[in-house]
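Letters A, B, C and D mark the chains as written, and numbering starts fresh at 1 in each.
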Amino acid sequence: MFFASDNAGPAHPKVMEALVAANNGYAMGYGADPIMEEVRAQVRKVFEAPEAAVYLIINGTAANSVLLASMSQPWQTIFCSDCAHIHEDECNAPEFFTQAKLTLVPTTAGKMSADDLRRKIMGEETRGVHGPQRGPLSITQVTEKGTIYSLDEIRALTATAQDFGIKTHLDGARFANALVALDCTPAEMTWKAGIDTVSFGGTKNGALGVEACVIFDPKIAWEFELRRKRGGHLLSKHRYLSAQMQAYLADDLWLDMARSANARCVQLAEGLRGHNAVTFLFEPQANMIFFQMPRREHKRMLDGGAVYYVMGGDPETGDPEAQLTGRLVCDWSMTEAGVNQFLDLLRG
Amino acid sequence: MFFASDNAGPAHPKVMEALVAANNGYAMGYGADPIMEEVRAQVRKVFEAPEAAVYLIINGTAANSVLLASMSQPWQTIFCSDCAHIHEDECNAPEFFTQAKLTLVPTTAGKMSADDLRRKIMGEETRGVHGPQRGPLSITQVTEKGTIYSLDEIRALTATAQDFGIKTHLDGARFANALVALDCTPAEMTWKAGIDTVSFGGTKNGALGVEACVIFDPKIAWEFELRRKRGGHLLSKHRYLSAQMQAYLADDLWLDMARSANARCVQLAEGLRGHNAVTFLFEPQANMIFFQMPRREHKRMLDGGAVYYVMGGDPETGDPEAQLTGRLVCDWSMTEAGVNQFLDLLRG
Amino acid sequence: MFFASDNAGPAHPKVMEALVAANNGYAMGYGADPIMEEVRAQVRKVFEAPEAAVYLIINGTAANSVLLASMSQPWQTIFCSDCAHIHEDECNAPEFFTQAKLTLVPTTAGKMSADDLRRKIMGEETRGVHGPQRGPLSITQVTEKGTIYSLDEIRALTATAQDFGIKTHLDGARFANALVALDCTPAEMTWKAGIDTVSFGGTKNGALGVEACVIFDPKIAWEFELRRKRGGHLLSKHRYLSAQMQAYLADDLWLDMARSANARCVQLAEGLRGHNAVTFLFEPQANMIFFQMPRREHKRMLDGGAVYYVMGGDPETGDPEAQLTGRLVCDWSMTEAGVNQFLDLLRG
Amino acid sequence: MFFASDNAGPAHPKVMEALVAANNGYAMGYGADPIMEEVRAQVRKVFEAPEAAVYLIINGTAANSVLLASMSQPWQTIFCSDCAHIHEDECNAPEFFTQAKLTLVPTTAGKMSADDLRRKIMGEETRGVHGPQRGPLSITQVTEKGTIYSLDEIRALTATAQDFGIKTHLDGARFANALVALDCTPAEMTWKAGIDTVSFGGTKNGALGVEACVIFDPKIAWEFELRRKRGGHLLSKHRYLSAQMQAYLADDLWLDMARSANARCVQLAEGLRGHNAVTFLFEPQANMIFFQMPRREHKRMLDGGAVYYVMGGDPETGDPEAQLTGRLVCDWSMTEAGVNQFLDLLRG
């Protein structure tokens, strides 16, 4: 009954096997390993982007920060949602790498609208040299609230950005979960929809720790490489990143894992819907559920062995009828039985 | 015949086994995994430092940069050798994290003397608010030239630093190789010799990618944690770092690996000594050899399948009698047969 | 009819005379000039703060940035109003100097409430090492909208900050205008109300370019000095800063100038009130007026020679009845006749 | 007998008169004042560079830092002399603004040779992504040791830089003193000799505090403007910078002042040459003298009222025969009588 985070689950055995297989003899370091050659080809094929620059990096914070730094200038402001991971959960890493600031666009169910984005963009750089200049846009897909931008919604955001000459980054920590939910191609969800760079997550979906940074216009590739090194994010024994991504992409393992995680989330949501103490905050669309329930119910679940985050108050102390928010995340390794165990406990 | 770098060799099978074993069910992320509890105890025991703060990080550049940033201020200068890795090989990462600058102390055979250090320290901060202020000292052990500071030499350097109220960091990317060469304890080579923080390397000595940051005075521990996160260096699936370090330290595996690497280096050095075209630049003391040899000989070795770095000129083109420098590094996985093959090729 | 900004007016003749008088023979540089000794005593007396550290700096952006950097850490967020000058008008200078980020507190008439501040503070650092940590609070007095915090309102904000161990900075670019409006002492408006540091403006109120940075707890004074130098803001011929501030404070010149500017603003506001096309956006309290008026009226005023900023649209083009916002600022040198000329033109 | 620094002297009366004259009515701020229009034309004419971008800034540290930041990237290293002001005397301001590091080129009498520069450039960026990349070159003219690069020497340095695609900045804090000593045109000493940007000093030569930043290729002009603002170095009441530079350049006042300062230095050097206790460290070429003399003699001079810096030891305490270094600087306002008074005192 572990629903705390999709970064707390194990790596897929096939990913681990690939790691073991890669641990064989000598290999040139720093990305010059032969597996990386193959990974680059795989990623380009997955994205139908034969010219894309492709790099691996150990986690999402680094992927986002180095990409955004390569797309922006220190006197700019980066547009993102008011609940963006880059704003809330990276301890100023994006500001550290970019030296820029963030402008927060309001959200509904975790999503920015093109109109709000336009309003915020127009609110900046109306002061010439005195104010921050307009920098890139960053979109998170799956959003931090477990919702998903439709392709139309992505296109509307990137079109708005393009109206102002602004490039767009996609924080795809849960890229695979969004993709299988939308049932579209990676190209459709990215460059065909106006996205310029992608943090293509593996860590939350069955890898040990690897993200691909995909840059559709390779003009900024060398800058990215220098910024990655300068951030301490170029790994010497790089083959262990390469091997993870190779196995992750092989035979659509990444899609299978995401489908499984999303399916468990559907199962979980259906079970929750039957429970009259539960209210959904947002309609779950991928592998995450935000819901409200009285404190006493949260407490009963946690006491019973369920593991998940409760927000907005201490589940142990306070008015037992007060509504607190719970977050449930299904990772690839969550089983039907695990979900049923949770739902059985909930039903009491 | 792979002598290019000790970060190009494989991880030790026991380290890999530990990784596989750790890949089991759910574990809290970001360093809250149970293995990390054990690693903390192991490292404290190894260093005889029950109060030390212990953190894991993915590579040496990050370990050095985050530690030095936690020890310095942006208006200071960090004292290090003129061939220090932090100066030459980290693409300004130390400057990025610390916002400080580096003052280079001249070296002989890769080593600073206490007198030269004193001269450089006294040369700084003679200008009040106008000049850089005196920041920490960073020492590399094994040095970048394959030589080793004796305990007396370390003590002389840290004592000099202490005369000016300066803290000392040890870049121990090859800590184990130095330790077995000196045949002393980790405590003797560090805090008993006046060292305040250590980048305790695992990556170059049989891990996939892990370094422990050891902080003897835990007052700066929380700052270190924030700086690590802000640098994108706090891993979510942290157990895979923990498992590496756990296996690395268990049953003195790390010392065994270093002893083996050093032994191969001795074997290699003895063989080279017999070759009249070879001149050693520095007396090898750990697992690295810098030597001079005519270009034609380098070319013959490389053509014959030996892999190592040649510096100071293209080994393919130019005066065949010109002396070029070669660097040979033995990692833990180098075999006696591998060294013999190299020496046989050299003898022609 | 020049109402564009109080930084477009001339310096007071007495300030200029002091500058000329200071231009006599040699004087040690970098703040070691004898006039600075006197200025330090003057400022301490004005603020009833005999221990305060006092420094001069050339403009408000630098004063704010160096003070805030000396009060914060790069992993923190600084709390300020959503229309704060440090957020909107300094091209990321505060972020550059502090390396921190800003958290925007909503405002009514340019002012934060203690409740909103508390909500924002509690919204940060609920994520441990993952999110930004709580940094200082910055309040602007006179606000960017021409309104003034009462002493009670300042005390409520600083008390809220203190509940979380947070220090408070006052951006006093128009300090004098607020002081004479509130008819209180500098001590009452600052340290007696819980303020820790002040950017004490001179530039907008009759100086050529000088602000005093007042630090009530001198523990961070040396850090401030180093950060000022590192920012290129320590002037060699410092006496020309000192002389300005000396004359500014002598014989309450600064208060006289602020009283005059505020009086002209009252005169202007009274005249505007009589005009039925004019709506005040905020009740003017110092020397600035924000008002709405139809485009055709703005156009008529500008064509007639009035100089002021019109926001929210081009005054030349568009629906003549559309309401646009105008900003009128009175500086110390504005005359009664100047205001009357403007009002006469308005009356048509 | 004030020889401590040329930034401790007064401003020229004509500069002060221009300031007073500019203090008249309203003027748009931030560089939009009408005097700046004229200054731009003056500077372009002086440099025979009709396309040059011209900006004013309050001091040399800021001029150097903002210019170099506009010419470099954070992963680069800036080449400069080992006694460069940007290295020794700006408390890491260049590193703060550029985020880059400095590579020190050895000097003789304060001057780099083209050969040494080439050696240093070739020593960097031999490590691909791992090491710092090659950034701009910065030359100081007059050097920090009071010596002057000939036009041939400048051309040799910039040609070397150009061989590697490197741009060159001239730190001209004492530009005028060098120019009149070389008896050449500003164009000959800058863009005709391969210089790309100039910190054109006024502060040390009779202004209150103003430097012009001259950018011959205006492509980086907008970046410079943003960096200047972000550094807190865009002044609101900009006319007071403009007025200084206007008067400084009018009627060759700047050249007259530099000629006078240099002439006093010649007079002083001739006098010192006659004194057998004095040894020159470098042949004085502009307005600065570095000389050695026994401690007892320095002490006698200082006790007698001479004001100048003594380096390498406390002039009050220690072996009376020990040689200490003195630095004497003549500014524009130094009189023949002042020099004679010093020389009389020296003769005893």
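To be clear about the criterion, a contact is a pair of C-beta atoms (placed from the backbone, for glycine too) under 8 Å apart; a residue touches a chain by one contact, two chains touch by 3 or more.
Computed from a predicted model, the values in this text were never measured in an experiment.
Chemist: Taking mean CA positions as centres, which chain lies farthest from chain B?
Modeler: Chain centre farthest from chain B's centre: C.
Chemist: Count the C-beta contact pairs for B-C and for A-C, then tell me which is higher.
Modeler: Output for the comparison: A-C.
Chemist: Determine the centre-to-centre distance between chain C and chain D, using the mean Cα coordinates as centres, and give it in whole Å.
Modeler: 34
Chemist: In angstrom, rounded to a whole number, how far apart do the mean CA points of chain A and chain C lie?
Modeler: 41
Chemist: Measure off the straight-line distance from the CA centroid of chain B to the CA centroid of chain C, and report it in whole Å.
Modeler: Here the centre of chain C sits 51 Å away from the centre of chain B.
Chemist: By residue number and range, which residues of chain D touch two or more other chains?
Modeler: Each of 74-75, 90-92, 96, 99, 129-130, 133, 226, 229-230, 234 in chain D touches at least two other chains.
Chemist: In their complex, what parts of chain D are in touch with chain C?
Modeler: Result: residues 2, 4-5, 7-11, 13, 16, 19-20, 23-29, 58-62, 65-66, 90-93, 96-97, 203-204, 208-209, 226, 229-237, 240, 307 of chain D touch chain C.
Chemist: What part of chain B is in contact with chain D in the complex they form?
Modeler: 74-77, 88-92, 95-96, 99-102, 104, 127, 129-133
Chemist: In their shared complex, at which residues does chain D touch chain A?
Modeler: On the chain D side, the touching residues are 30, 73-75, 99, 129-130, 133, 223, 225-227, 229-230, 234.
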